[in-house]
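Working notes for the structure below.
Letters are used for the chains, namely A, B, C and D, taken in the order the chains are written, and counting of residues starts over at 1 for each.
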Amino acid sequence: MADKETSRVEAFSDGVFAIAITLLILEIRVPHLQSEAGNGALAGALRALWPSFLAFVGSFGAILTMWINHHEFFKLLHRVDRPFMYANGFLLLLVTFVPFPTAVVAAYLDRPGAQAAMAFYCGTYVLISAAYNLLWYAGARDRRLIRDGVPDRALRRIRNAYLAGSPIYLLATAAAFWSPLVAFALCTGLWVLWARLDYSWRPAREGS
Amino acid sequence: MADKETSRVEAFSDGVFAIAITLLILEIRVPHLQSEAGNGALAGALRALWPSFLAFVGSFGAILTMWINHHEFFKLLHRVDRPFMYANGFLLLLVTFVPFPTAVVAAYLDRPGAQAAMAFYCGTYVLISAAYNLLWYAGARDRRLIRDGVPDRALRRIRNAYLAGSPIYLLATAAAFWSPLVAFALCTGLWVLWARLDYSWRPAREGS
Amino acid sequence: MADKETSRVEAFSDGVFAIAITLLILEIRVPHLQSEAGNGALAGALRALWPSFLAFVGSFGAILTMWINHHEFFKLLHRVDRPFMYANGFLLLLVTFVPFPTAVVAAYLDRPGAQAAMAFYCGTYVLISAAYNLLWYAGARDRRLIRDGVPDRALRRIRNAYLAGSPIYLLATAAAFWSPLVAFALCTGLWVLWARLDYSWRPAREGS
Amino acid sequence: MADKETSRVEAFSDGVFAIAITLLILEIRVPHLQSEAGNGALAGALRALWPSFLAFVGSFGAILTMWINHHEFFKLLHRVDRPFMYANGFLLLLVTFVPFPTAVVAAYLDRPGAQAAMAFYCGTYVLISAAYNLLWYAGARDRRLIRDGVPDRALRRIRNAYLAGSPIYLLATAAAFWSPLVAFALCTGLWVLWARLDYSWRPAREGS
């Protein structure tokens, strides 16, 4: 399976990312008020949806950053094979799953159960981080599917960033029992790391 | 990141626009009537959904026009970079959000709370207008990502139209407290402006 | 706007068709039974969903056939322009709308209100038929956007089929008040006409 | 209709697969607890959703495997025609339908009605298996749409795998009345067969 095949897997993955990111909005529910409630009551009810807005923005940013990283990774590959496609499928399973823990956080962040809800949310990212490492293993172990010319140095830099993700998400999951908002900040703050991760490389020359 | 990269960002954005525009229909709910209600009751209940139909048509037109403008803008670019991708991500976040204020307007337009609902709806477009200006800044400031040959005159014309949007949406938000339907007309009437906005240009020649 | 532009409009339209056709399933609701109900009760409740299954299959076939016709039409064009894009947008608005009348029919086909529900469903296709005629007018009037070489004879054959659709859907709408199932059969039976509509042509030669 | 046409049908099908696989998540509902319930109650409620998680993972894997097989099949074709497009449309109808039996299983797997729910689920795959055989018939009978060079041997191997599917899904449907979980394992375990199905071929040479 050569370049055309890589494009197809990329297009299907893009579709799943785009749909999952857009379905997030379905989790924000229109407030139901009694028929005599007026502007003040509706404004208050909309403000009371802050956990939904926060969870929406957080998960939107997370999926957007995952999408960007997914593509940058694919640009290092010259082909895909079946094991890689199943590793990619596992990652897409988890991307598709994200709207559910997002909805749980939106429903429970401002009431009892917030700790369990946030641990469930951060735990999803522990699995996602594992899925990215599995994808890396399926694609870059022994440079299996990697393009010629990508220097080992660039591969090590990216692999180390991927490996660093898992313990931080585990830490965030533990922190959820202490402070859900700190855990959320830790979970979504990792975007800054992923958004800045450098995939660029120059073809290796003499002595790279 | 060159032309191929631009296509990818465009394809992902197109997906989000297409999904958001189609999810709008989920906000129109089938009326629930008592089991003995007949044709007249159902016809009446469907007519009573006019705020849902109006909000659906308004938001459909808004997203469609935004999509057309998004593409016309991309045709001025020769490449994209990370800051531009995050500005684009912020715009997509707001496009994805549109079905929610649409549902709020659908639920409250014909009852107390209509003013607050419409101000929330128009306020979303204030943010969207800001996002388009941010995208412009990320792409066209100092002609950063602009193709050679696009004359400055054309860029100024488009930038001025973008800048003109924000105060009008702010005005619509304020007008919502006076008349929700006038505010809605103002908000969606701006399509006419955006739908007619001219992105065309000829390569600059001597003395442009 | 040349061939590449046509592809983009086609891709966006394809996305909307694909999403609308898939959202149809969301209108079929899982039956809620009391906790002691067993296999027989669930089997009965699933059988009682026949109006949902019927409406799902009917609307799926309708959207699939519309999609095929949409593409066949686009193959006659050599470019698109703004008026055509807005005519296409109006058609997409109605395609996006289809899941709602489908849900109304699913909810009311086996109870009082069936006539009004089916008239609403068939009425949607009256509008869709009008939208296809508008699209034809925007694209084929005076051969505005038509490729060279498509013979007038082929254009007349297609236009006549489009024109024939509207009165049949109007008839189906009227028939809904007499028999909803006959109206449904008429509405969805028109697929046979559209599915067989011949868009093929050979380049016109001497004396075509 | 030549290669470009094949790409379009493939792209539309990919869209439907991607949307159907992502909509599965909407069937998992956020648990509603009383306002004084705490972390333990929420954790318990999330654990009690195991039938939803199981059904989600099972159907995700099924659709992903169907998508991979769909593409591998398309790579054997050099063109598509109308009968093939309608056979493909019938398959897509069933792919789109999958989220509904998935939701039925999620709602009934741990309560009375589980047998009927699982028989309904497995029965959907009986139809899907029939649809794949129909697609094969529409594309490969007398090598109608098959590329030159694909050896008959490879076609026979794939056809036999397709034919083997239907009786196994029928068996799973019957087994549902005895043990729903065994039936589910049988239904989703068939992935292993499909995921390993070999579509590869070398151009036939002398005497293949």
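Please note the rule applied: a residue touches a chain if its C-beta (ideal position, glycine included) is under 8 Å from a C-beta of that chain, and two chains touch if they have at least 3 such contacts.
On a predicted model such as this, the values are computed, not experimentally measured, just so you know.
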{"item": "Topological distance between chain A and chain C, in contact steps", "value": "2"}
{"item": "Equivalent interface positions on chain B and chain C, same or different at half", "value": "different"}
{"item": "Cα superposition angle of chain A on its copy chain D, in degrees to the nearest 5", "value": "90"}
{"item": "Averaged-CA centre spacing for the pair chain D and chain C, given as whole angstrom", "value": "26"}
{"item": "Touching two or more other chains - residues of chain D", "value": "11, 15, 19, 23, 26"}
{"item": "Chains grouped in pairs wherever the two touch, ordered by label", "value": "A-B, A-D, B-C, C-D"}
{"item": "Touching residues on chain A, where the partner in the complex is chain B", "value": "11, 14-15, 17-19, 21-26, 28, 30-31, 33, 35-43, 46, 56-57, 60-61, 64, 67-68, 71, 195"}
{"item": "Contact set on chain D toward chain C in their complex", "value": "8, 11-12, 15-16, 19-20, 23, 26, 82, 85-86, 89, 92-93, 96-97, 99-100, 103-104, 107-108, 111-113, 115-117, 120, 177"}
